[in-house]
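Here the chain labels run A, B, C, D, E and F in written order, and each chain numbers its own residues starting at 1.
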């Protein structure tokens, strides 16, 4: 894949707005994120709105018959994906705190995240 | 189809909550409604929430490449489907009145519609 | 008690089909009867014979097929919705059959309850 | 300007694919270049060769195929998402090709803009 | 005769639960499934509304969906009862009809 | 450099538009497409919010989607501009990146 050596580095942001398990988006976004790591891009992950539920501790979907992909979020730093942001308002509305999250993140206000989104080159939201 | 002569008549209600064109639900619910007419059931159609947009006058989806199925609502009485209900609150929230609708309907309050729903035997919502 | 089940969404993208399957299984385990499972809208995509989900994930189509095998559950795919979306005789998974939308209305008449699962 | 297009939903159930098609067509008419159209999630269902929508409705798959023919637009179906949902070589409509998710990231890098359409 | 209402979408994202609560009759059963189970959790900015609803309706939540999402049943809004898939089936059987608020 | 935000869901059903308005930066362009075009219509119970948004953002609506839904462009909230598919393309080209609020 010669694009891997193209030298172009763009700011990618994957914005997660949906809860896990009810739809496949969280899982398939994670697949996009993992692939993007191979292209040496500047990858950002944001969890806003119901997306904050994706990184909630204690998920155990065996009884609904689904795969537990939540441990993968913890493996992201092994792929040098370390820019994870969670929206403070999203946590608060849902009665959650940083202690409820299964992976270290930077908590930003909606205003701060909006500003950061404005600096991106490519945004993929789901 | 011997069920067509089974003699059982149930109260069916199709509840439309979604706007037309953005998704296929409005169109495919209409197909269900038309089929149900052949079974001589007591068919009710309710338009609530964004479902009220399904029967808005003046729809012309040619430029988005879709079929204009809205005239079909006007043909329903030819199939003896005449119990059409629209929620007053749904119209008001959207700035619409009965004059904006392409088919004669009975306007009910949310409370009245809720009560009517409670009298049904089979409810299919989309 | 006799249940009719309506599945409105395809496999994997929405949990609807998984929940419908768990409900159907539990109803059978509790001694109830499943009159029919009807697949409408994108629900017809549950019946593809060509799906190959990752080996560490569930296989939604196989789940339905096993219910059909073990309990003779009638799995009906709407012909019109299927034609529109490319679910036809050629790629219909064994255990499913294709028929008209009247089969859903019939389920509404014959079953004691219709339970719908969707988006 | 070079555009990458991402289609997240299947045909008919959501307007997403129709809007993506209209956007792509308009971009070509305005003299822009389409680097690639990538089909992900249920978007892979746009590529079925087996769909037969009613004759009075549009044919979404054919719309895409015509763009590929007339303008050599690169229509790429995600291999993993397709396998999961039963879009494979055997029912892939001509004009589409199956490849990896890296093709989407590459579009993000190579195109000037990525525009996504979904639910 | 009462009805069973099912809701499967997050109350933070969509209006399904609000519409259900606006139409259900007093005494009806409401079952929160899939992404709607978040509505049953204590401490959210809608917990008060749900606690009120639990006084008018028989409010239930699907246990396997709670567990899938890492939601602790010990932290539910007061008045909400957990059921499993078998309990879902019996709720459907015990009420006159089922209205899925899709 | 400004961004183009697209929103395609009804503001009465989902939170996409609210989330977009809460994150977009002053001067950004927002394009309402598909079922989101209803947000641009005058006389609704959210028309005031949209009129305010039109002062902070460049607010556009897709004409073919209005027409499909029988929405009269003469009845738009003040400050909202109609574009066609070609206009959508040029908005995407003129702004730095496109954020689809799915």
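One rule holds in what follows: a contact is a pair of C-beta atoms (placed from the backbone, for glycine too) under 8 Å apart; a residue touches a chain by one contact, two chains touch by 3 or more.
Only a predicted model underlies this, so the values are computations on that prediction, with no experimental measurement involved.
Student: If every step must land on a chain the current one touches, say how few steps get you from subunit C to subunit E.
Tutor: When the steps are counted carefully, the minimum from subunit C to subunit E is 1.
Student: Between subunit B and subunit E, how many steps is the shortest route if every step has to go to a touching chain?
Tutor: 1
Student: Out of A-F and B-D, which chain pair has the most contact pairs?
Tutor: A-F
Student: Quick one: report the Å distance separating subunit A from subunit C, using the average Cα coordinate of each chain.
Tutor: Distance between chain centres: 33 Å.
Student: How many angstrom between the C-alpha centroids of subunit C and subunit B?
Tutor: For subunit B versus subunit C, the centre distance works out to 25 Å.
Student: Could you grab the centroid distance between subunit A and subunit B? Build each centroid from C-alpha atoms only and quote it in angstrom.
Tutor: 40
Student: As a quick test, compute the distance in whole Å between the mean CA positions of subunit B and subunit F.
Tutor: Each chain's C-alpha centroid was found; their separation is 28 Å.
Student: Identify all positions of subunit E at which a residue touches two or more other chains, and write them in rising order.
Tutor: Expected reply: 8, 12-13, 15, 34-35, 64, 97-98, 100, 102.
Student: Do you know which subunit A residues sit against two or more other chains?
Tutor: Subunit A, residues with two or more chain partners: 17, 21-24, 49, 64, 66, 121-123, 125-126.
Student: Counting only residues that touch at least two other chains, what does the list for subunit D look like?
Tutor: 8, 12-13, 15, 19, 22, 41, 57, 80, 114, 116, 118
Student: State which pairs of chains touch, listing all of them.
Tutor: Final set of chain pairs in contact is A-C, A-D, A-E, A-F, B-C, B-D, B-E, B-F, C-D, C-E, D-F, E-F.
Student: Show which residues of subunit E lie in contact with subunit A when the two form their complex.
Tutor: My answer: residues 8-10, 12-13, 34-35, 38, 41-45, 47, 63-65, 67-72.
Student: Which positions of subunit B touch subunit E when the two form their complex?
Tutor: 15, 17, 48-49, 110, 113-115, 117-118, 120-123, 125-126
Student: Could you pull out which subunit C residues touch subunit A in their complex?
Tutor: 12-15, 18-19, 21-22, 56-58, 63
Student: Any idea which subunit B residues touch subunit D in the complex?
Tutor: Per the stated touch rule, the residues are 21-24, 64-67.
Student: Taking the touch rule as given, give the residues of subunit C at its contact with subunit B in the complex, in rising order.
Tutor: Per the stated touch rule, the residues are 6, 8, 40-41, 80-81, 100-102, 104-106, 108-110, 114, 116, 118.
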